[in-house]
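In what follows, chain A forms one complex with chain B and a second complex with chain C.
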Partner chain A sequence: MENRLLINLVPGDTFLHRLTGKTKVRTFIILLVYIIMSFDIRLIMPLLILTIIGLVSLKTNWKRVKYFIIVIAAVNLLNIVLFWLADPDIGSYWCGGGNTVLLSLTGRLFLSAETLWYLSVRFIKMITSFMVSLVFILSITPSEMAAGLYSIKVPYKICTIFSIAFRYIPDIARDFNNIKVSLQTRGVELDPKKASLMSRIKQNVLILVPLIITSFDRVGNISNAMDLRGFGRGKTRTYYSEHEELKADKVFKAIHIILLLFCAYWIITQNIMPQTIKMWYPFA
Partner chain B sequence: MNKVLKTLLGVWNTKTIVAIAIGAALFGVLMNYGGIPIYTNTRLTTAMIVPVIVGSMFGPVPAFISCSVGNVIADLIGGWGLWFDWSVGNGVLGFIIGLLPLYGAKINEGIFKPVHAVIYAIVCVIGNALAFGVITPLLTVAFYGGELTITFLQAFAGGIANTAVLVIVGIPILYALARRSARGSNLVMEEEKEE
Partner chain C sequence: MSAPIVEFKNFGFRYKTQKSPTLYDINLTIRKGEKVLILGPSGSGKSTLANCINGLNPFSYDGVITGSCKVAGMETKDASIFALSKVVGTVLQDSDAQFVGLSVGEDIAFALENQSVPRKEMLPMVDQAARIVGMEDFLMHVPYDLSGGQKQKVALAGVLHGDVELLIFDEPLASLDPRTGMTAVELIDRIHKEQNKTIVIIEHRLEDVLHRRVDRIVLMNEGRIVYDGDADSLLASDLLTRYGIREPLYIMAMKYAGCGMSPGQKLSDIHQLDLSPFEEKLKKQHLMEIEKHVPKIGEEILRVEDVTFAYGKTPVLKDVSFTIRKGEKVAFVGKNGAGKSTMAKLICGIERPRQGRVLMNGADYMSLSIKEIGEKVGYVMQNPNQMLVKDIIKDEVELAMLLRGKSRKEMDEAVKKTLKMCGLWPMRNWPVSAVSYGQKKRVTIASILVLQPDIIILDEPTAGQDFRHYTEIMEFLDELNREYGITIVFITHDMHLAIQYTDRAVVFAEGEVVADDSVFKVLSDDEVINRANLKQTSLYTLARRLGFEPEAYIEHFINYERMVRVHGKPAAD
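Then we have the complex of A and B:
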C-alpha cells in the first residue's frame, strides 16, 4: 500500500524535474485544456507520444508506475465497454451518420466501425489525460506546486493548503495503515476476500474514527508553528523552492504562448461554432 | 445579511487553513484507501465525512475548498486522470453540507439536536441531487462533451452511496463532535440541563 503513493518530496535531477514550478503548473493546465477541448486523434496522439517520452525521461521507479498504468488501463477499458453497452450506435452520431457493422451479436448489440473508432479515440484521450497528470505529479514537489499555483494568481493561502495537504498525505496514509494493522491484531477481519461487504463498510467506519481524531489533533500544532513563524502577515509570498528561470523555462514560455493561441483558435472554430461532423474520421 | 456572509466564509486564520489542508489530505487518503468500488470511477467512500467535520467546525466555504482540493489531490495521487467536473461537484456538495451553522447546528458550541439531524439528512439528499444530478453533468458536457448516460449512472450510484455515508456515519459523528465541544464549555452544559 505504501508504494501506491506517487508524490515526490525530494526534487529529482532530470530535465523535467529541473524546470521551475511555474513552468510545470502552467504546462499542465494548458495541456489539460488541450486534451479536454478536442476528440481529434491528430491532436491527441502526438501528446500521448510526448508524455511517454516524458515519462521515460523522468527515470522513475517502474515498479510503482506499472501498477498504476495497468489499473488505469483496466478501469478505462471497463468504462469503454460500459459505454458501448449503454449505446452501441454512439459512433454514428460522432463520425457523421455512417454505420458500418462489423460484428452483430443481437438486434441491439452490434459493433460498428464508427463506434469502434469513437471508443478507441476516447480510450486514447483518457489514457493521455492520465499520462499527463502522471508525468506532472512525478515531476513536481508539493512546494513547487504551491509556487506554481501562486504564479497564476491563486491566493497564497490556498496555495499553502495544497502544499500542506500534500505534505501530510504520507503521514495520514501511515496512520491509516497503523490503525488498520492494530485493528487486525485485535482480530478484525479486513481482507476484502474474506469479509462481506456490509462488515467491510462497518470496519471502514471503525478505522475512520481514530483516523479523524489523530489527523485533526495535528491542526493545533501545525497552525501554532505557522503562526509563530509569522504566516499570514504579509500580502504576498515568495517561495524557497522557486529558483531562477533556466533556458528551458524560457523555451517553454514560448511554447505556452503558441499552444494557448492554438487552443483559443481551436475552441472558437471547432467547439463554439456548430459543426456537421463531430470527429475526424479517416474512413468516412 | 452580513452575519450570514460571515458564517458562509468562516474565519480565515491559520488554524482554518491548516484544518482545510488536513481535511483535503484526509479526503485524498480515504478516497484512495478507504473506498469500496461500486461502479466505474465511483466508490462507496468514507471520504465524504471530511466536509461534515470541516463544515461543522469552520463553515461552508472551507468545506467547499477542502472537498474540491481533496478531490483534485485524490485524482492526482490515485492516478485516475483529472476530473474537474467531479471536483467541483464534490466541492458544491461540501458547501451544502457545510451549511450546518446556518440552520443553528453550532457544533463548536455543542449544539446539535434531533431537529438539526433531520434537517441535515434532508440537506444531504438535496445536496447530492444538486451536486451530482445537476452540476456535475452540466460541467461534464461543458468539459468533456456528450457522455451524459455514463455520468448520470455514475452520479446516481455516487449520490446514493454518498447520502448513505453522510447520513449513517455523519450523524453519529456530528453528535460525538458536539458532545466533545460541549464538554469544553460549562455554559452549554447548564443550558442542556435546564431543558
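Then we have the complex of A and C:
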C-alpha cells in the first residue's frame, strides 16, 4: 500500500530508528523542555544542527518531507512578520532596552537591530521545535510510540489508542473511497469543475452516513478481537515492538540525565529567579 | 472417551436487547480432541452458541443465561472472558478487523503482550506460532500487504499460544476464494491432528468444510439443536434441505438420479464413497435427454478492447478484451487482486483505461462522465451498509433521480416501477434500518435500477449469506434478468453461484483474462482452474470416478438443475 502519511509502520534501519521507543519518547520530551525553556540562540542553534544531522541520517524520502518543511517555514515566516507589524519595538523589551533603528518606513513602522535579533531567534526556535518533532515522527513507529509512552507511565489503554488508530486509518480511508465511488455512479458530482463548493460539501456529508455506520461495525469487531485475546486483563503489559536496550540506548540514558540536570539548572536560574536581561543579545 | 471440554446442560441464552431467547434447551458435550462442525442457517443461533463458549456472551453482549455451560471445568457465567481466553482461542469472521497489530509479528504477539510475557520469552513463542501456520517469513509485514487468507492464518497463530485447547472458527470461509478456502480447511485439519487441539467450526458451507473429515456435525435451527451426529447420516437424511443448508453438489446430483442413500455409506467423502450401488442410476440419468438452456441474448451493449490499466507503476489489467450482450448473465471470477474489481471500476468509468477502449452501445465512453455512465451501468457494492445514505426506502431509491434533477412526476413513476419490480412497494415508507440484510440488498439494487441501466454489476451479492438468503437474492436477480431482460455481471468467488445462475464466466488471473467461456467449460479446464485459484467442483470428481466426460457431465447437471429450479421437478424416470 502506498504510504501517504509521514508515519512509518515498519521500523527503519538507521541509528536513530534502532533506538527503543522508550529512548525516542524520552528524548523527544526532554528536547521539547529544552527548547521551550529559553530564547537563547547559544542553546537552540546546536540543537537545530543536530536535528538536521538527525534528519539526514534517517535517509528519509525527501519528497515526502519537503512539502511539510516548506509549509512550516512559510507559516512561521508569516507569523514573525505579523509579530513585527503588531509591535516593531518588541526587541527592545527583550534585548535590554536598546533601540538601534536600521530601517525606518514610517514613524510607527521601523526595523531595529534588537527586533530583528529577537524575531530571528524566535523563528529559529520555532523551526527547531518543528525539526525535533519531525525527526521524532520519522524515526518512530506507532507501536514504539505506544511502548515509549507506556514506559513513562501513561496507562496502556491510552497508549494503545495510538497504535490502533494508525492501524485502522488506511482501512477507513479505503471505505471512504468505496462509498464515494458508489455515490458518484449514482450521480453525486464531486468534480470541482462541475459542482460548486457548497454542493460538494453537502454531497460529502452524504458519504459520512454509511462511513460512520460501517466504522461502528468495525469498532465492534475490533473490540471483540481485543477482548478475546485478553486486552485489558492485567495492570501491566509488555510490547513485542520494544526490543531490549542496546548500547546506544544506554548512552542516550546518560545524555538524558545530563540534559535534565542542565534544564533544571537553567530553569531555576533563568526563569524562576528575577532577571534584568530577558534574552542573550551579543550586540548590546 | 476423552474428557469433555465443553458441556452445555439445559442451556439457554437471551440477549438483553431481545424479548425472546436466541438459544433454547442446548444439551451438547464436546470432548477433548474432537473436531465438530456447527451448521445452521443465519439466525439459527450458531454464532451465539460459539460466543457463549468463548465468553463474548455475556461479557461483550449482555444477556441472561439459564442452565449451565462449563468450559474446561469453568462455569462460563462465573468465569471472565480473560480466564476463558486462556483455554479457548477464537478466529473471528472478519479477518481484517481482528488484525489489531501493525505487523504480523505484533498481531501474533498481542495475546502475549496482554499477559505481560517478557519480550525474551515472547519472541520464540511468536516464532513457533507463525511457523505452525506457515507465516514465519512474514513477521515484519504490515496488514495492508497481506491477502485475506494470510490475515486469517495470522489470526489463527495469534490464538495458538500456551494452554489454548479449544479453537473456534467463526465462518472461516466467508471471504476466501475457493482455493484459499480449501487451504484453510486443510490447515485447520492439520492443526487438529498435529497440535491436538479441539476444533469447533461454525459454517453454513457444508461442502467446503467436508473437504476434510469432521468427527461430528451439530445442526442448529431457530435456537435449538436439531441434529447431533456424524456427517454421513446427516447427508443421507433430508434435514439439510429442510433447514436451508446447501447440499454438496455431488449429493444433489445423486438425488437427481434417484439414488437411495443410507447412513452406512461414506457419503461425506466423495473420494471414498462406494459408487457401485449408484452407478447404474447415475448413468441412466446422465443419458437422459434434457432441453439445453439457451439464454436469450440480444445485441452487444458493452465491448472492452485491449484494455490495460495500472495503479502507479503496478499493472493491474493487461490487454483485457471481452464483450457483453444484452440479457446476459456473466460471472467475473478469479482470486482477490486478479483484477475483477478494477475491471468493474473501469466499466463504471471510475477508473479509465491507460490503453485500449471501452465501447458502450458502440460508442467510446471516454467523453462521458461517471454520472453519465451511471445511467448505463449500475454498480452494487458488496456491503449494503456502504451504499445506503437515506432513512426511508423510497428516498434511497429516489436519490439517483433527484441528483439528476428529474421532474417530480418522472421521478415518482420511475420509483414506483422500480419498487414494484423489486417487491419493495409495500414497504416504501419503511425506515431502511428496520429491514433485513436481504431486503437492504434489494434496496441497494433498486436504488441502482431506478436509472434503468443496461447493465448492473454486483460485487459478491451473496457474501456471508446462508443458503436461504442466497437463494432469495439470486432468484430475485434471476427474475430481473428473465422478466425485464436486465444484463447482470456478478463478481464472485462462489462457484455454485456461477454454475447455477450465470451463462458465462470471464476468468481473471494476474490481470489477464485467462478464459471467457460457458461455466461448465471453465470448471472442467485444469489449467484455468489452477491459474485463477478456483477449485474443482465435486461434480468433476464424480464425473471422473464414473468415467464420464466432466465437461458434458457438468453441463448436463446445470441444465437439469435449471429445469428443476425454473419449472419444478419433472417426474423421476
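By definition in this document, the second predicted complex is superposed on the first by the 231 of 284 C-alpha atoms of A that agree within 3 Å, B and C clash if a C-alpha of one lies under 4 Å from a C-alpha of the other, contacts with A are read in each partner's own complex, and residues count from 1 in each chain.
Methods note: a residue touches a chain if its C-beta (ideal position, glycine included) is under 8 Å from a C-beta of that chain, and two chains touch if they have at least 3 such contacts.
Values in this document were obtained by computation on a predicted structure and should not be read as measured data.
Touch criterion not met for A:272: it reaches neither chain B nor chain C. When both complexes are overlaid on chain A, the residue A:143 reaches chain C alone and has no touch with chain B.
By the touch criterion defined above, A:161 lies against chain B but remains apart from chain C after alignment on the C-alpha atoms of chain A. When the two structures are aligned on the shared chain, A:200 is found in touch with chain B, with no touch to chain C.
In the superposed pair of complexes, A:218 makes contact with chain B and with chain C alike. Once the two complexes are laid over each other on the shared chain, residue contacts for A:237 go to chain C alone; chain B is not touched. Contacts of A:226 after superposition on the shared chain: both chain B and chain C are touched. Once the two complexes are laid over each other on the shared chain, residue contacts for A:254 go to neither chain B nor chain C. Using the contact criterion defined above for the overlaid structures, shared-chain residue A:184 touches chain C, although it does not reach chain B.
Shared interface residues of chain A (contacting chain B in one complex, chain C in the other): 1, 163-164, 166-167, 207, 209, 218, 222-223, 226-227, 231-232. Interface residues of chain C, counted against chain A in their complex, comprise 54-56, 59-60, 80-82, 85-86, 90, 92, 94, 96-103, 105-106, 109-120, 122-123, 126, 140, 142-145, 155, 158-159, 312, 345, 348-350, 369-371, 373-374, 377-379, 381, 383, 385-389, 399-400, 403-404, 447-448, 451.
Those residues of chain A whose C-beta lies close enough to touch chain B in the complex are 1, 4-7, 32, 36, 39, 68, 71-72, 75, 78-79, 82-83, 86-87, 93-94, 126, 129-130, 133-134, 136-137, 157-158, 160-169, 172-173, 176, 197, 200-201, 204-205, 207-209, 211-212, 215-216, 218-220, 222-223, 226-227, 231-232. Residue ranges of chain A in contact with chain C, taken from their complex: 1-2, 9-10, 141-143, 163-164, 166-167, 170-171, 175, 178-179, 181-189, 191, 194, 206-207, 209-210, 213-214, 217-218, 221-234, 236-244.
Across the interface of their complex, chain A is touched by residues 12-15, 17-22, 24-26, 28-30, 32-34, 36, 40-41, 44, 46, 49, 53, 65, 69-70, 73, 75-77, 79-82, 143-147, 149-150, 153, 169, 173 of chain B.
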